[in-house]
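So, here come the structures, one by one.
First subunit A sits with subunit B, and in the next complex the same chain sits with subunit C.
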Partner chain A sequence: MKKYIHILKAELMTSLQYLPNTAFGVFTFFIFVYIMFMVWQYIYSNPQELINGYSITQMTWYLLVTEILFTSLGGRRFCKEICKDVKSGNITYNLNKPYSYVFYALFKHLGSMVLKFIVDIIIGVALGFILIQSMPEQTVLSVILVLVTCFLAELISIFLIIAIGLLSFFIEDANPFYWLYSKMILIFGTFFPIEFFPEYIRGILRYSPIYVISYGPARLFVNFDINEFINILIAQIIYIFISYGICSFLYAKGSKRLNVNGG
Partner chain B sequence: MKAISVQNLKKTFRVKTKEKGLKGTFKSMLKPTYRSVEAVKGISFDVDEGEVLAFIGPNGAGKSTTIKMMTGILYPDGGSIKVLGIDPTKERKKLAYEIGTVFGQKEQLWTHLTPYDNFKFFGAIYDIDDKEVEKRIEDLKNRFELGEFINTPVRNLSLGQRIRCEIVASLIHRPKILFLDEPTIGLDPVVKDNIRKLIKQMNKEYHTTIFLTSHDISDIEKLCKRVIIINNGELVLDDTMENLKYHYLNKKIIDIKMRDDGKFSGDDNVKVLKQKGNNYKIEVDLDKTTIGEAMKSFDMDSIQDINITNVPLEDIITTIYQRSK
Partner chain C sequence: MFREIKKEFKIISLSTYYAIQREMLNKASFLSNVFFMILNNLSMIIQWIVLFNLKSNIAGFEFKDILLMWGMAAGTYGFAHFLFEKAFSLSSLIVDGSLDNYLVQPKNVLLSAISSQIGVSALGDLIFAYIMLILTGVTLPKFLLFTLFIVTGGIINLSIAIISGSFSFWFKNSDIIEETSSHLMISFATYPGGIFKGIVRVILYTFIPVGFVTFLPVELLLNFDLKLMLILIAVSILFITLATFMFYRGLRRYSSSNLMIARI
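Presenting the complex of A and B:
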């Protein structure tokens, strides 16, 4: 484990040298949330109104939580990096080191996103108070438990992105798969809670990754319920095993197919 | 004891082919076609512990593919490899603790970190205790003279400094075998010489087995006692440097400077490489004649200066490459 902590630390030290990039990321986060808040404010013509069980306060905070989870992840860049590593053969230089590539990629990415994750939470909370001047009722315990689900959500997202990136072993370019995946996450879990969709779609979404990486943690934050927390936690643990299993399988199969010509 | 044992090693790559033009591009999208390229065609060799071996060949000969199979990066299609008794295809992680690799064309260091932070990182990767890592860094820092720039981010180092750091990073876990794939590529002669000295020193002091590939013949000449030449995926030569130099191509180059009245009568076994006035550069094939016989074609009394040298190693190797095509 110590070696993976060092990988995280090394990447964190690298990302600290790029603070302006983090600052720019925060700026785009701010713009995005502000625009979406304006849209919701227009939709909620009456501030007391409930749409699909959500008040304007809950909807704003739902959006903030899902947006923090989505933007701090930096999934597009991460997926591109893995695809590039596989295609260029750079991945080979990780093969002769005494660590698991999947964990290497996981901790490296955690190191690169931890700073942005913390900054996004701070900015997100501040933005929430500025925009809506209130917050769904919270206790210290509920905040801690939501943070746990947020962390696990990011973990699953990273594993899923690694799995998409590792598809490059088998296909020409895996980036379009990430594009599709990210748009699904944005539409079905980030912009709109799953209650906004017809019953038959909702049934599918409840078993999809969207439930554990986006909707679940945000839903808990706006309407905490311990039973729901346990459901989400169990689903997240199952998803961690499944997504890690997929990554390990793809890596084991893919590395045997590796074609690296030349020096 | 054998450090490396390779038996009948084979590797074939599947390479996508495409007809020319836009039509060809669409065709390859719908019905991709592939051709097989045999990169390594059943080579066998052994390397003893503590040996410094040059593994050379022209571009595309299969050198890097062989190294990648020996270090567990690529899976062979046939044959067997044992590196320190470990099968790289089955126990890649276990092997990683015993070997070090430096690929001159690829960076393994984290460029935004300093060499010191990199060495600490590699120490942790190889599960070495913090205090021990500090000791090793201090030792290697002095040996490789890294003191001046050990706290400068790698991205700000010169190529020579970076390669020195790459080698140190690969030595931090004291590997028993070091694979060096073109470690001096792009370096100036002074830095090259420095790196060679360090490699030699390492081999002497730690008894590290060195497996070196390089296109720079001086690297091979100055470091290695044995050379393996590979071309088109086949082993072309496996011999000592001494045999390669003096027996494989038994030719000498003689530069002769004569007075203006001196005469050269010519000889079928003497090949004139260059002539300017009464100065000759000749090549003598010792399989056909002797130096003494060759010299008889010159007017001995008018010779002012004479210089006998071996055929440059570079020429020998080029000839071997060409013969094996």
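Presenting the complex of A and C:
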């Protein structure tokens, strides 16, 4: 475990050297939230209105939490890196190292995103107060528990992106799969809570990764319920095992197919 | 001058042709990139289906108008990225010294640099744009106008990429500016202009000229106005002139990094 912590620390130090990148990343986050807020303000012509059980305050905070989870992850770039590692043969450098590539990629990415995650949370909360001037009722305990689910959500997302990237072992370019995956997360989990979809889609979404990596933590933040928290936590733990299992399987199978022609 | 323009067009066509040939070496990857981009764009329409279930009219737009707007946004993006993909990573060309390759060739430096690579997935965006046009009902004048606006909007997109990339001649790490400006253009282009008010609306017609890329062209497709169309063409010429000026101004400051690479 110590070696992975060192990897995380090294990446965190690197990200501290590139603070302007973080600042511009936050700016992009601000723009996304601003645009969606404008759309919701248009839809909620009456501020007291409830749409599918959500008030404009809840909807704005739901959006902020899901956007923090989505943008601080930097999934597109991360998936590109994994694909490039596989396609270029760089992944071979990891074959004879005394660590698991999946954990190496996980901790490396956690190190590079942790600063942005913290900054996004601070900016997100400030933005929420500026845009809507109120917040769903919170206790210290509920905030801590939501943060736990947020952390686990990011962990599962990273594993799933590694799995998509590792598909490059079998197909030439796995990036298009990430485009589609990210759009599904955006539409069914980030822009809208699952209550906005017909019943038959809701059923599927409740068992999909969207429930644990996007909808769950945000729903808890806007309407905390301890039973819902337990359900989400259990689902997240199950998903961590499943997604890690998929990554390990793909890496084990894929590395056997690896063929590097010198360099 | 006419001969010069003709020569440059020939260079772009040949450059694109060879780039396509190169990419087609792996047909499966080429086709999957195009197919998934169409699917990727189509999936975003779900967002609008949900929103139109809540309200039948958003900022004066009906669902059909949104499809047209998405077609325009994808088409302009696709045009710029398909033909001039390298313009969107101009910053790295300047910083790592790869611009040397183009300086020694007896061709227009900017044009040969930005047209040296095609964006395969951007072809999917272009196809998607015309699918949207067909879905909203196509006539010959509408088709011609749509194509014209894809070119003018694409030129504006390209100009913004060149301007933001050219900052690298003066500042280090300006790749962030390049990336952010590209993000901003896409983000605003896929929402109806009517939801943005006040100062933001002014910004969207100046510093982030999305207004000329999607808002105004969609408006013109719905209610044609010759004067506004001429303004749109003039604005795109103005932007590309500004971008070219900025690139060549910066090029005076460029110094080679003596980078030695093999180009195969």
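Keep in mind that, in the parts below, the second predicted complex is superposed on the first by the 263 of 263 C-alpha atoms of A that agree within 3 Å, B and C clash if a C-alpha of one lies under 4 Å from a C-alpha of the other, contacts with A are read in each partner's own complex, and residues count from 1 in each chain.
One rule holds in what follows: a contact is a pair of C-beta atoms (placed from the backbone, for glycine too) under 8 Å apart; a residue touches a chain by one contact, two chains touch by 3 or more.
For clarity, every value in this text was computed on a predicted model and none was experimentally measured.
Of the two partner chains placed around the shared chain by superposition, neither subunit B nor subunit C is touched by A:76. When the two structures are aligned on the shared chain, A:6 is found in touch with subunit B, with no touch to subunit C.
Of the two partner chains, neither subunit B nor subunit C is touched by A:253.
Within the complex formed with subunit A, the subunit B residues making contact are 13-15, 37, 39, 59-60, 63-65, 68, 71-75, 92-93, 95-97, 99, 101, 103-106, 108, 110, 112-113, 117, 120-121, 124-127, 181-182, 213. Only residues 2-3, 5-7, 10, 13-14, 17, 90, 92-93, 95-99, 255-256, 258-263 of subunit A touch subunit B when the two sit together in their complex.
Across the interface of their complex, subunit C is touched by residues 18, 20-21, 24, 27-28, 31-32, 35, 38-39, 41-43, 51, 171-173, 175-177, 179-180, 183-184, 186-187, 191-192, 196-197 of subunit A. Those residues of subunit C whose C-beta lies close enough to touch subunit A in the complex are 26, 28-29, 32-33, 35-37, 39-40, 43-44, 46-47, 50-51, 54-55, 58-59, 121, 173, 176-177, 179-180, 183-184, 187-188, 191, 195-196.
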